[in-house]
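Look at the two complexes coming up: chain A is in both, with chain B in one and chain C in the other.
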Partner chain A sequence: MATSTSSAASPSQASQGVRPVVVIGGNRIPFARSNGAYADASNQDMLTAALDGLVARFGLQGQRIGAVAAGAVLKHSRDFNLVRESVLGTALDPTTPAYDVQMACATGMEAIGSLANKIKLGQLDSAIGGGVDTTSDAPIAVSEGLRRVLLELARARTPKQRLAALSKFRPKDLAPHAPGTGEPRTGLSMGEHQALTTAAWGVSREAQDELALKSHHNLAAAYERNFFDDLITEYRGVGRDNNLRPSTTLEKLGSLKPAFGRDLGDKATMTAGNSTPLTDGASSVLLGSEEFARANDLPMLANFVDFEAASVDFVRGKEGLLMAPAYAVPRLLARQGLTLQDFDFYEIHEAFAGTVLSTLAAWEDEDFCRNKLGLDAPLGSIDRSKLNVAGSSLAAGHPFAATGGRIVATLAKLLHEKGSGRGLISVCAAGGQGVVAVLEAR
Partner chain B sequence: MSGTAERRCIDLPEVPALGGIYAAAVKKTAASRIGGVLPGGGRRRGADDDGRWQLPAVEHRVRRLRVDTGRLTRYQRLMGDTVREDLPSVFVHGLAFPVAMSVMVDDGFPLPLLGMVHLSNRVEHLRRIRPGEELSVRAWAEDLRPHFAGAQVDVVAEVGAGGEAVWRGVSTYLAKGVDLPGRTRPERPEKPVFTAPTRTGQWRLAADTGRAYAGVLGDWNPIHLTSLSARALGMKRHIAHGMYLAGRALAGAAPREGGYEWGIEFASPVFLPGTVDFSVADAEGGADPYGTVAFTGWRRGASREHFSGYVAPR
Partner chain C sequence: MTNQYQKLVNTGLTKKIAKQLGLPRPAVLRRHAAGAPLVPGPVVVLGDGASAQPTADLLLGWGLDVLRHLPPGRMVGAVVVAYDDVARPGDLADVALNLGPAVKSLVPGGRVVSISRPAGDGKDPELAAARQGVDGLMRSLGRELRGGATANGLLLAEGVDMGAPSAQAALRFLLSGRSAYVDGQFLEVSDGRGKLPEDWEKPLAGKVAVVTGAARGIGASIAATLARDGATVVAVDVPAAGSALARVANDVRGTALQLDVTRADAGHLIIEHATQRHGRLDIVVHNAGITRDKLLANMDEGRWKSVIAVNTESQLRMNQAFLAAGLPGLRVVSLASTSGIAGNRGQTNYAASKGGVMGMVRASSAAFADIDGGINAVAPGFIETEMTARVPVATRAVARMVMPSLMQGGLPVDVAEAISFLASDAAAGVNGETLRVCGQSLIGR
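Moving on to the complex of A and B:
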């Protein structure tokens, strides 16, 4: 890849007195449906694979990178140092510091955004951000009852105390506890939460199926034109995201039965086709200062301009669980002096088709923008032909913490191909959170 | 709430065990049946000369009550609440409940304890209560009055610390089919059609929910324990404790600081195992994150209301 010529920092960056940070490139392993191709691979295995590919692609062998930050949403307790352990398994210089980040599905975005800030401030010259998740090799915990018995047993010093601890054991405690996608404070799954939001915004089944169809077609087309050749490294015999269904049709999607919100009766619109499947995978993104990129003869695909997090109170029903990006985007736009229409690409993570469509509907809604966002006028609509043009999570899958890295690398490359313009990223997360970001072409 | 001047105080050496209280209640119920005195008719102890039933002018007290932090922790875990240095309101209710029960099994108490229906609670949680505080409890019954389905009574429990009241709860119970002599039952009010609000949560309650609650707070009422023990008392199946439902609701809805008031009304029992759809939302016009909130529970996917209530900061 050719090294880009440098461009001036954006006005906002100059005014903040910080230097630009560039996205140099990315690497991920193909995302695989749960309990399939990667069933035996651990988070550490997959993250190491993604990093290995990145190291190979950019010739980072033996280099000390400023920091590597990544994370996993579903994490085994033995993986207390997941990222550092992964780095030690790569060809990177073992003196490369690494740390874990965890912000549910926004883990990757938070890791990358925070690293970008450190580069902007001059604390780091280079960094790798990313994420990994497996729902196949998920940590299974013993039940709460058994856990407490075992802990009490470990604390017991006398036979009598040990007996007392054991006497609290109940056969039902043998049932293992697998992590779910349920919100701890509400007991509702993410899909059930989104079903409420989807219904509240009146998003139709057809609109969701169309978005899902587009995601598959766009991802397939991107593969066809070899877009992912320098973004993906094969892993365990998988060369492409294996959730991709290039030949799916509206008829096929329309034949699926509702999977979420079934309590809504005929208002139920969310199916396995317009919701992301559980997926395994890992992603990584290489960031650097312009000086670092030039010194190492590395490409500069895009500036990572800025990012913003938001959270909503879904526990008391004040907002839908996955609507936080709808609040983060206007704050980021205001800080950057941009409008919603000032973008050439929109990467809105497709947790569910309903999430994307509810968010877009909210930005078009006068009442929402006035009363919830405190704006004078709606943010307005976007040119839908600029949305998720290389596919998104509905087609590619969504290994929770790996999604941010997939999107940043994809968008940076899209911007670099175009050679100008900006892209907006929006990623929702469990706990009513979300992270959004702006990238600028180089 | 009335003072203590006109009530005789009965000091209990310690908080009575509820197992014994239920045994006494069973005996009392059986005795009244054997004696041919059925609820709803006839003369019984507690009736005064003109035949009107009266509540005994007594107040049961426990002067020193300490909180077992292990029990507090188990309560907080059971409710999905955070383990923190602060007594949840329903936990305080659980501490005071045996004293209130002691009032209701007192010889002079005119209504049969077993089979009474728990209608509602109103609680003033006057200030934060720390686990290390030495508490006192007093409880009495008041305001025996007709209900469209029988007779209802308020059982008041007051928890004090250092001479000041810190928690005051009124539990209202219904004795079905009981007619108070000389008092006519009011008309059954028009029941508004229940429309479920947008749910904000869902509780999947296991068959052992009642046993788990009893294991922590000691309320071993047979109607909550097993299908068999509940059927023995004429129930279709065993049901969740009303205060378990209140505790779950408050774990999410109680303000994080300062005192508060809350109330709950029970519309229909939650059979176990069962799934409750739940909603908690700002009461009308509220915008403060910890302002007055309203909560509702109903049977999953159905229009059958289980309970509704509110929490208001003081």
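Moving on to the complex of A and C:
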């Protein structure tokens, strides 16, 4: 019913003379806390499972999809062709092209957004975007010292050269290097960065705990109403995101000790309860042109209207590490001729409760909107009952690259259920980056 | 385990030893294989019932070597006995005494199929005695046959002859490898409805079939068999079985629908998925089922109610939705169980649920006939699955080798073959029936 009007109401798609791209559906495996249920699963295992579940849901066996783009933030060097290798392990036609994308926690959004553009332009008719991450099966590298010794040894041609190379080895070089969530340029972890931002915006501990509580309750309620039956496929005996605590309370969340920003003393507000845990998981989203969807009798949940990336200078302290979406959203709104209030659903990735609340505070702040965003007036506040209504990362967990796919599929289904309206997605990422997007119901 | 034993007692030196010791020697059953002959040898048609000549003509039309008398010194692949005109018990003798030598010439995996009329509750005791006599004769013959051969009967309701599509299709099913584990059973054709397939290898071509409980075991085999026979399969199972379900759906090139069949809107969601994604819904196989075994003395409310809810009540509710939607020609096949027929210690709840299914099927047949469809049940005996692998070893051995005439458990595909037949348009004249796939187990009828 909203089909004809909704595509006509899309300024970017109409004005740019490109065709609409629709979200057909999604599939992910349940997200699992790190070093638990999926400890033995590799990125390739999980991405393959997510893709195969998508193939089964939409009957894509033996089909050549236009392209599959996905990625992982933590990647083994052997996984240089992670997505293509995963596709070869699925029931898809092996002639389906695939490539890796990497943009930290915005990997999934960037993969999906870029594929959507290719469909809009007519370069592709169908595509699958997504992402995967494991912190359990993380790559561990040898130390820089040992690496240099080994490389020199490989280049050595004479016994003397070999001996010279080996003589540079020091016992301390045996210590392996595991990846961390620290920013290379500041040495601060993501949580420590956010703790500074959270404090700067004066976000209270209570507000953060309430957001976390809401996330758990919303996710649990969505499971209860079978919302995820066609969005998730069980994996390794895990049927639901196992970070979910349906019965958690404000008291329980309030009893947790601060985990980040401890040097803030009494002002430290960020706990393990209002921050996302390290998580393993994978997600995928099927995109297509209207023609592709119709020809294959596939549903059309939402139009993927537009997306925008932004980056901030967090290195010199000019902005908080995870505040880039606050800049991307007004640019996207301007391009689409929309206001922040023109949405029925807001999906703001809960890297930390503080991230969501700092971003919302910034949009309400006159000074920030004028001086940082260059706007005449604040973007204003949003109706909080429309925020993350089916839960978000605080409850579901956050396998970095897989989060974009989770959000796009969830929002597309929410919009389709409602039958009208728009949704806004905001995902922050390491390196001071962020990607935001607009979806429209079908 | 059965396979190893089966191999040992059927090959080489160990075969000799097993023979001398009188150990049970379960034969390797003749199952359907693409391209294999329908019957492994000539077919002898005995008896002078009205069905004899049309049957012989029919078999000739299928390219079989058909004989009206037992050829001396030749092995035969099957014997068809036309008993449809017997009127008095004495009428059985001639053919029965000719049947004996024919049975001796039966090849391994051979078939004996009788064609007769249901005894019913008519007012002629002599007629009923004669007709019911065929029943006893064939069931006993089933117990005497060896080498994986089976004896089954085709019952033609009054007014139905061998011209009925379902009579022909049922006869073909019983002669073929598809009925490998069906033994000592009677299949009734109640009317002349039905449409024979253009291609007997693809009897479900163009059909859209929903299989519940499809993630593993018998359900996965049903999905594979229906797909082999030409259907597009929607594989349904609970979200908790998602990864196995996805594998099945991908193997059969169908779609996966994660759904708890006990949901109030399950039938609606199935119709929606099938029609939106595949344009139609022709076949539903109610296979989803659970066991929660306990002696009745120790039974709790949860065990009882969950089994009835999944195995019976969900089917009743979904059928209501299917009938309300008026899907033209919809064919439903439900999974019953021999436990529901003969009873099984520790399975009062399960047997109640499966007995319920058979009652439901019988009582729903008229409503499904009204939409030009039909509903039947298949009652498996001991089938080798993950579920039965958990049965204690001794019980399992008895269930496999002692109870059934075929001296072995069946395979999931044996159940699936019967379901595929009943789901086909050619079986439209079979309605409200329960067909056992049990290797002629000792228990029950």
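As a working rule, the second predicted complex is superposed on the first by the 433 of 442 C-alpha atoms of A that agree within 3 Å, B and C clash if a C-alpha of one lies under 4 Å from a C-alpha of the other, contacts with A are read in each partner's own complex, and residues count from 1 in each chain.
The rule we apply is simple: contacts are C-beta pairs under 8 Å (C-beta built on N, C-alpha and C of every residue); 3 or more make two chains touch, one makes a residue touch a chain.
Note that this is a predicted model, so its numbers are computed, not measured.
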- Item | Which superposed partner A:55 touches (first chain B, second chain C, both, neither) | second
- Could you tell me if A:230 is touching chain B, chain C, both of them or neither one (first, second, both, neither)? second
- Message: Contact-wise, after the overlay, does A:366 reach chain B, chain C, both or neither (first, second, both, neither)?
- Response: neither
- Query: In the superposed arrangement, which partner chain does A:93 touch: chain B (first), chain C (second), both, or neither?
  - Reply: neither
- Query: Which touches a greater number of chain A residues, chain B or chain C?
  - Reply: C
- Message: By the touch definition at the top of the document, which applies to A:185: first (chain B), second (chain C), both, or neither?
- Response: first
- Query: A:40 contacts which: chain B (first), chain C (second), both, neither?
  - Reply: neither
- Message: By the touch definition at the top of the document, which applies to A:313: first (chain B), second (chain C), both, or neither?
- Response: first
- Task: Please name which positions on chain C make contact with chain A in the complex.
- Result: 235, 239-243, 245-247, 249-250, 253-260, 263, 276-279
- Task: Please name which positions on chain A make contact with chain B in the complex.
- Result: 144, 184-188, 192, 196, 200, 263, 313-318
- If you look only at chain A, which of its residues touch chain C in the complex? 49, 52-53, 55-59, 61-62, 91, 226, 228-230, 232-236, 239, 297-299
- Task: Enumerate the contact residues on chain B facing chain A in the complex.
- Result: 77, 80, 198-204, 252-253, 277-282, 289, 293, 300-301
